[in-house]
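A quick write-up on the structure given underneath.
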Amino acid sequence: MNEYFDSERFIEDIPKILPQLSVTFSIVGISIFLGTILGIIVAVLRIKNIPILHQILGIYISFMRGTPLLVQMMIAFYGIPLLIWNLFQININDWSPVVFVDIAFILNEGAFLGEIFRSSILAVDSIQTEAGYSIGMTKTQTFLRIVLPQSIRMILPSYGVDIIGVFQNTSLVFTVGGVLDIMGRAKTIGTATGHTLEAYLVVAFTFVIISLILRFVFYLINEKIRYESKIKVDKRKKHIENL
Amino acid sequence: MAFDLENFLKSLQEAINYLPVTIKLTVVTFVFSLIIGSVIAIIRNYNIPLLSEFFAFFVTVYNGLPLMVALVIYNLLYMNYYSRIASFFHISKAISDISPIYVGYFALIMSSSCIYSETIRGALKSIDKLQYEAGYSIGLNKFQTLRRIIIPQLIPVALPGLTNNLVGTIKGSNLVSAIGILEVMGGAITPCAISYSYLEGYLAAAVVYWGFSAALEFLIKRGEHYGTRYRRSLA
Amino acid sequence: MIEITNLKKSFGKHEVLKDVSLKIKKGEVVTIIGPSGSGKTTFLRCINFLEKADDGKLTIGDISVDLKKTKKKEILNVRRKTAFVFQNYGLFSHKTAIQNVMEGLVVVKKIPRDEAKRIGENVLDWVGLLDKKDYYPSQLSGGQQQRVGIARAVALDPEVILFDEPTSALDPELVGETLDVIKKVAKKGITMVVVTHEMAFAEEVSNKVIFMDGGKVVEEGTPKEIFMRPKEERTKEFLSRFITKDMYYI
C-alpha cells in the first residue's frame, strides 16, 4: 500500500469530497433543529417534575450521556427497523441509513440540550416569572415570552459549542451502512484508487476550517448579545437618571 | 425477528471481557491528558511568552479536528512510515509485533489534552486575583502560590467540567475500534458475526459503557462532596 | 526604618503616582487619606510589589531596592519583610483560620509546624478569634475574616504592616470591632501604613497623617496638624466633607 503523500492527488480529491458536505450539513441541520425542540420539551417536562415521567426521562438522559454515539447509531440502525416491524408490521430495512443516523443524533441532542436548557431555565431569576404573573400573563405566556428568551441568552455560548460538537460528530456516520458524507467519500476514494491519505487529509482540513469558522461566528454572536445587554443596562441607567 | 436474550447475554459476557481494554485506555489517557492539559492551562494563564501563544493557536486548531479523523490519519501514517521510524530509532520489531493501540493512545491523549486544557483554563480564570495577591503578600513565590493556594481551589471548580470530559474520553475510547483495536464494543459484536444478532451485541456494549461511566461519575461525585467541605457555610 | 523616594507609577498614559516620597520611623503609624483616584491604594500596593512602580527607591530595614529595575529575588525579600491586609480580606478560602495564619510561618519563614501552631493560636487569641480557629472563611463574618487577615499579618512579625482600607468592605456594625484590633496592633508598637477613610480612627491612632491627591503628597503632618490646622486648600476641601466645623479652625 503506497501511502506517500502526493499534493496533486490532494488537490484532485477536494472537488470530489466537498460536495458531500451537503450530507454532513443535512445531518447537522436536522439534528440541531429537531434536537432543540426535543430538548426544550425534555427540559420543561423535567422541571415540572411529573412522577414516573421524570424518572423515565432521567434514564433516557443518563443513557444518551453515558454511551458512545457510535453504539447509539448502531442500535438505531438495527433496532428501529425491528421495533417498527414489531409494532406496525412495516419493513423499513431498505430506508437510507441516514435516517437512522438522524434519529440517533436527534435523541442524543435532545438529552444533552435538555440538561443545558433545564439548568438555564432554572437559572433565570424567579422574580422574572413573578413579574410576568403580576401583569396578568398566563404561565405559558410568561414562559415563552419572559423566561425562555432570557435562558436562551444565557445558553448561547454552550449552544454554540454543542453545535460545533454535532458537526464534528458527523465524522462517525460513515461507519453506519455506508452513509456518504465527507468521511464516507474519502473512504470510497481510498478503496477505488488505493490512495487514502490525501482524501482523509482533505477531510481533516475541512473539519478544522469549518469548525474555526463556526467558532468565530458564534464568538461574534455572543459578543453582539453581550453588547446589546450592556446597551440595555446603560439605557436603563440613563433613563433612571433622567427621571 | 425478535430480541434474543441468549445472544444478548453472550455479547454482554464478551463485552465485559474487553472492559479492561476500555478502562486502560480511559485511565491512561485521563492521567496523561490531565497533566499535559494542566501544563498548557497554566502556561496560558501566566501568559508565558511564545509558549502561551503557541498553545493558544494549537489548541484552537486541534480542537477542530474530530478524534475519528485524527485516528484514521495517524493510523495510515503509522502503517506507512513505521519502517522508516523504526530504523531511525533502531527498533528491530516488525510492525505486526507492535499493537496499533499506541496509535490509539496517541490520538486520544492529543485530543483529550486539548479539551482538558480548556476546562482547566476556564476554572483557573475564575479564581479571584485576590488569592494570588494574598499568597504573594505573605512572601510566597509564584510556584508556591500556585501549588499551595491556587491549585487546591482550582480542583473543585474544575471537577464538574473534568468529570464531563472524562465521560467524553470514555466514549472517545470507543472510536479506536475503527483502527482495529478490540474494546468493549468490538468484543460485544464478535459473537454477532455468526448469529447475526447485531442489535443484541450493540445493546450489550451500551450497557457496559453505561455502567462504567455511571460508576465513575458516582465515585467522582463522592470525592467532590468530600473535597468541597470547606465551601459550604455553617448556615 | 522605611523610606520611599521619588516613586512614580503610570498605567498606560495615565500617571497615577507622580513623585511620592515617604519616610517612616520604626513603630510609627502612618495613615494615608485622600479622595478616590488619588493613588493612595496604588502607592501602598507598590510598597510590596503587588503593583510594580516605574521609578523610585525603596528601603526597608537593611534592604534597598531600585524600583526601576527590581530583580525577582529582591521582590521576594521585600515581601518577606512586609505584610498586607486587604480590603476584601484576602483569606485563603480553602484553609481554616488557623491554617491561614500558619501558612506564611511554615512555608516562608520555615518555622516548624508545632511552633507555628503555637504562634498562630496566640495571635488568633489576641484578636479574639481563638474559638474560631478551625472555621473556614466562608463560615465567618466579614469582620471576623478581616481580623483573621490582621492576625495572619501580625503573626509574620514583619517590619511593617500595610493596611489597604481595612474597614471599607465591612458592614457598619462590624467596623468597630475591626478598628479596635487595628488599634491594638498600633499599641503593640508595630510599624503600620494604613490607607483609610475612617478619619476619627486616623486621628486617634496615627503618629503621622499623609494627605494625597492627584498622585502626589499634598500635605503631611501630625494628626493635630492635618485635621485641625490644615495648610493646603485641597486638604481643607477634602476634610470639610468629613469633619464638622467645630473640629477644625483655619
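For reference, chains read A, B and C in written order, and residue numbers begin at 1 within each chain.
Everything below uses one rule, namely that a residue touches a chain if its C-beta (ideal position, glycine included) is under 8 Å from a C-beta of that chain, and two chains touch if they have at least 3 such contacts.
Quick caveat: nothing in here was measured; it's all calculated off a predicted structure.
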Category of the chain touch graph - line, ring, star, complete, other: line
Leading chain pair when contacts are tallied as C-beta pairs: A-B
Distance from the mean Cα position of chain C to that of chain A, given in whole angstrom: 54
Intercentroid distance (Cα basis), chain C paired with chain B, Å: 47
Chain centre separation (chain A, chain B; CA means) in Å: 22
Residues of chain B whose C-beta touches two or more other chains: none
Residues within chain C bordering two or more other chains: none
Chain C contact footprint on chain B (complex, rising order): 130-131, 133-141, 144, 148-149, 152-153, 230-234
Chain A contact footprint on chain B (complex, rising order): 1-3, 60-61, 63-70, 72-73, 76-77, 79-80, 167, 170-172, 174-175, 177-178, 185, 198-199, 202-203, 205-206, 209-210, 213-214
Chain B partner contacts - residues on chain A that touch it in the complex: 1, 3-4, 62-63, 65-72, 74-75, 78-79, 82, 85-86, 168-169, 171-172, 175, 183, 196-197, 200-201, 203-204, 207-212, 215
List of chain C residues in touch with chain B within their complex: 48-50, 72, 76, 79-80, 82-84, 86, 88, 90-96, 103-104, 107-109, 135-136, 138-139, 152, 156
